[in-house]
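Labels run A, B, C and D following the written order; every chain starts at residue 1.
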Amino acid sequence: MEGRAQMNEGEDIIICRCEEVSRNTIEDTIEQGCDTLDSIKRRTRAGMGLCQGRTCQRLIAGLLRNKTGKPLEELKPPNFRPPFRPISLDLLAQEGYRLRKEDELRGDGK
Amino acid sequence: MGLRIKYHPILGEDLRKDVVSIEVDGRAIPAYEGEPIAAALIASDIKTLRKTKRIGEPRSLFCAKGVCTDCVMTVNGTPNIKTCITPVEKGMKIEKQEGLGKWREEPK
Amino acid sequence: METELAVIGSGPAGLSAAIEAAKFGVKVTVVDENPKPGGQLFKQIHKFFGAEKHKAGVRGIDIGNQLLQQCQDFNVDVLLNTEAWAIFDNGKALGLKRGTDKIEKLSTKKLVLATGAMENSLAFSGWTLPGVLGAGAIQTLMNLHRVLPGQRVLIVGTGNVGLIVSYQLIQAGAEVVAVIDILPKIGGWGVHASKIRRLGIPIFTSHTVKKATGNGEVKGAVIAKVGPGYKIIQETERELKVDTIGIAVGLTPMAELAWSAGCQFAHVPELGGWAPIHNERMETTLQDIYVVGDVCGIGEASTAMEEGQISGIAAAESLGYLKRGKTEELLEEKRKRLDTLRGGPFATHTKAGKGKLMKRYYKS
Amino acid sequence: MRTLRFNGVLSEEELMELPGFPSLDVIEKGKPVAVIECAEKIPCNPCEASCSQGAITIGEDINNLPSLDAYKCTGCGLCIAACPGLAIFVVRKAYTESDALISIPYEFLPLPEAGEQVEALDREGKKICLAKVAQVRNSKKYDRTPVVSFTVPKEKCMEVRHIRLL
C-alpha cells in the first residue's frame, strides 16, 4: 500500500509544495538516472524547501519505487542536517558571537 | 465569525473574552489573544495565507503543527513565520507573504 | 542550561517519560515547539479504549490535563515555544530556539525523543489549494482552537483518524459529505465507522479523490471509483460540493533528530516507514538516547504512554535513581500492559513491526 | 457487501453472532436489555466495570469481545455512556403496548428535550420512522455522553439506532 496509492496515474501535479516541483520534473529526473532521494533533491530542489522534505519525501520515494522498482528499504531519506527548524543566520551568528565571548572570558577560547 | 465553534457538546461553551484586534494586510481582524494566527484568520474566512514564489499559487493551513511551513506569513515585518503555531498578540501586523517574503528594511 | 533527562516533545509519550523519571527524583526538562503542551492529546476529545484500570474511557483532553498536573506535582520543567533545531555530542547537547529570538544550549545526560509523527500526504490535482489539509490539522483547528476549516467536508481515508475526525466534525457543527478510501475495506475500527454511518455519512470504499476544484480555494472534489491496480474506472467520476478536503492517509514517524544524532534505523512498513531501532527499554542504538511513541512506530496514544513510562524508568535506573531489581519489576509490568494493548487482531501489524525493530537492535 | 468492514454497518448475521447481542426471545419478552454491538477485538473493557449487575464479561484479556448475560442485565443503561466506542444501546420492547423504548448515546448539540418529536434513523442513518423523546440523562458520571431514550413503534426497535432532531 505504502507509496502506491498516494497519487493518481498520469497527472502532472505539484509534489514538493515548498519548491513547487512537479511530478513530471521528478519523473524526468529519475529517467535521467537519479535514483536516490538525495540526488533528486540536489537536481530538482524537491525536498529542499522550508519544510525540508517532510511533506513530500514519502511521495517522492513512492515515485522512485514505481519508476525504478527499488524497494523502499533502499530509499534512505537524504541526510538531515541542522537546523531542523527554520532559524535566521543572524540569530545563529549572534549566539555564536556570544558563546565565543563567554569562552574568551573564561579563558578557554580556541 | 461564522467558522468559530461557540458551543460544543464536549468542550462546552467558548468562554474566551480576550478579543484583540490584529491587522491583516491593512484590515482589522478580531482574534483571541494567544490563539494561533492562522486560526484567527480562517475564522475570519481569510483562507489564503501566502502566495508561492514560482507560480504564485495561494496556500493555506495544511499540517497545523509547525512542520509543513505552508502557512508562513510576514508577521511584524519578519517573513516565514509559521502562523499555525505562533500565538496572536494584540496589534500584530500580519501580511500575506508573496514568495519568500521581504524583510523590512530597517529592523526596529 | 543543564538537566539530567531532556525530553523532546510534550505529547502523551514525552510527558509520560518525563513524569515517570521525575517520580524517582530525576531532574527532567521537556522541550516543545508548540505554545501549549500535550501534543495531539488535547485534540482527542473522544473517550479512549484501553484497560479500565489505566485511563480507558477517559477522554484524551482529560488525560492531557492529568499528565500536566503530574508534571507539576513532580517538578517537571516544560519549556514551550522552544524548538530543538540541532542535536550534538551523541544527544548530550541540544540547540534550542526559544520564542522567535533566543538561542540556547541544553546539556543533558539522557535524552528521550518523543517527537511524534507527521501526517502522510496524498498528491492529487488541486491538493495545494487552500481548503485541502490534513485530517489531523482539521482536528487541531476545531478541537484545540475551536475554528472549523469549512462547512462541507470530504474526508479521504477510513483509518481511525479519518473516521474519528468525521464524527468530530459533526460534533463541531460541520457537514461531512463523504468519507472515501482507495482500499476495498474500511481501515479503522468498526465502531468508529458505525458511529458515523448512523449519522448518515456515506463511506465509499474503492474510491479515490481525483482532483480538488476551485479557483483560489476549494469549491468541490471530484471522486471516482477505482478498479484493479487502483486505477480510476472511467465514467464513475462525480463532483461533490465541498469547501474542505481532509487527508487521512496515515502517519510517518518524525525522526530527524534521531537520524541526525546517528541512531540506526530500519524501514518497517507496519510502523509507518523508517523508524529508529530500539530495544525493550526503548533505548536506541546510541546509548543515552531513547525513543518513545509515534517517532518509533505509529501506534495509539495508550501505547505511547506505556512506552514513555518504560523509557522514564529505564533512564531513572541508568542515572542511578533506581535499583536494577526494582527496575526490572516495574518494566515487566509496563511491558505486560503494552503486550495486552497490542494483543488484538488490529495491532498484529504493529506488534510484528516492533518485533522487527527489536530484532534489528540485537543484531546491531 | 453489507458488512461492517465494507460499509461500517453490522449485518444481521454479524449482529446475531455477537456475544453481547441478547437473544431475540429476551428482547421479545420486552424487559429492558443492553444490546452490545461490539464486533471487533478491541483492547478495551470499561463496559465490564460499568455494570453493577455483573452482566457484562470481558475477562482477563481485555481484547475479548464483551459478552452479555441478558438475565442479569436490568437495562439500567450505565454501560451506554461508558462504552468509548458508543456501541451499546438499551432496548425495551414492551415499553407500552405499541411502542418500544430505545436508549442511545447522543454527543451532539442541541440535546433534545423530553416530549420532543424527532426522526428515528437506522444503522445507515436512514430515516425509518418518527420517535418521541422520553428522557435525556446527562449526569456527571456519563462524562459528556448524554443518554437519550425515545419511543418508536415496537417492530422498529432492532433497526433504530440514532435520532435526528427536526
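Things worth noting here:
The definition used in the following text is that a residue touches a chain if its C-beta (ideal position, glycine included) is under 8 Å from a C-beta of that chain, and two chains touch if they have at least 3 such contacts.
Because the structure is predicted, anything quoted here is derived from the model rather than measured.
Of all chains, the one whose CA centroid is most distant from that of chain D is A.
The chain pair with more C-beta contacts between its two chains, of A-B and B-C, is B-C. Chain B and chain C have CA centres that are 24 Å apart.
Centres computed as Cα averages put chain B at a distance of 43 Å from chain D. Mean C-alpha position of chain A lies 51 Å from that of chain D. Those residues of chain A in touch with two or more other chains are numbered 14, 17, 54-55, 85.
Contact of a single residue of chain C with at least two other chains is seen at positions 33, 59, 118, 128, 171, 173, 254. Along chain D, residues 107-109, 144 each make contact with two or more other chains. Interchain contacts give a graph that is no line, ring or star and is not complete, per the touch definition above. Across the complex, chain B meets chain A through its residues 52-55, 57, 59, 62-63, 66-70, 72, 80, 82. Residues 107-109, 144 of chain D are the ones touching chain B in the complex.
Remark: chain B residues 3-5, 8-11, 14, 34-36, 39, 42-43, 47-49, 57-67, 78, 81, 84-87 touch chain C in the complex. Chain D makes touch with chain C in their complex at residues 4-10, 37-46, 48-49, 61-63, 82, 84-87, 107-109, 121-126, 143-145, 161-162, 164. Of all the residues in chain A, the ones that touch chain C in their complex are 1-2, 4-9, 11, 13-15, 17, 23, 52, 54-56, 58-59, 72-73, 76-77, 79-85, 87, 91-92, 94-95, 99.
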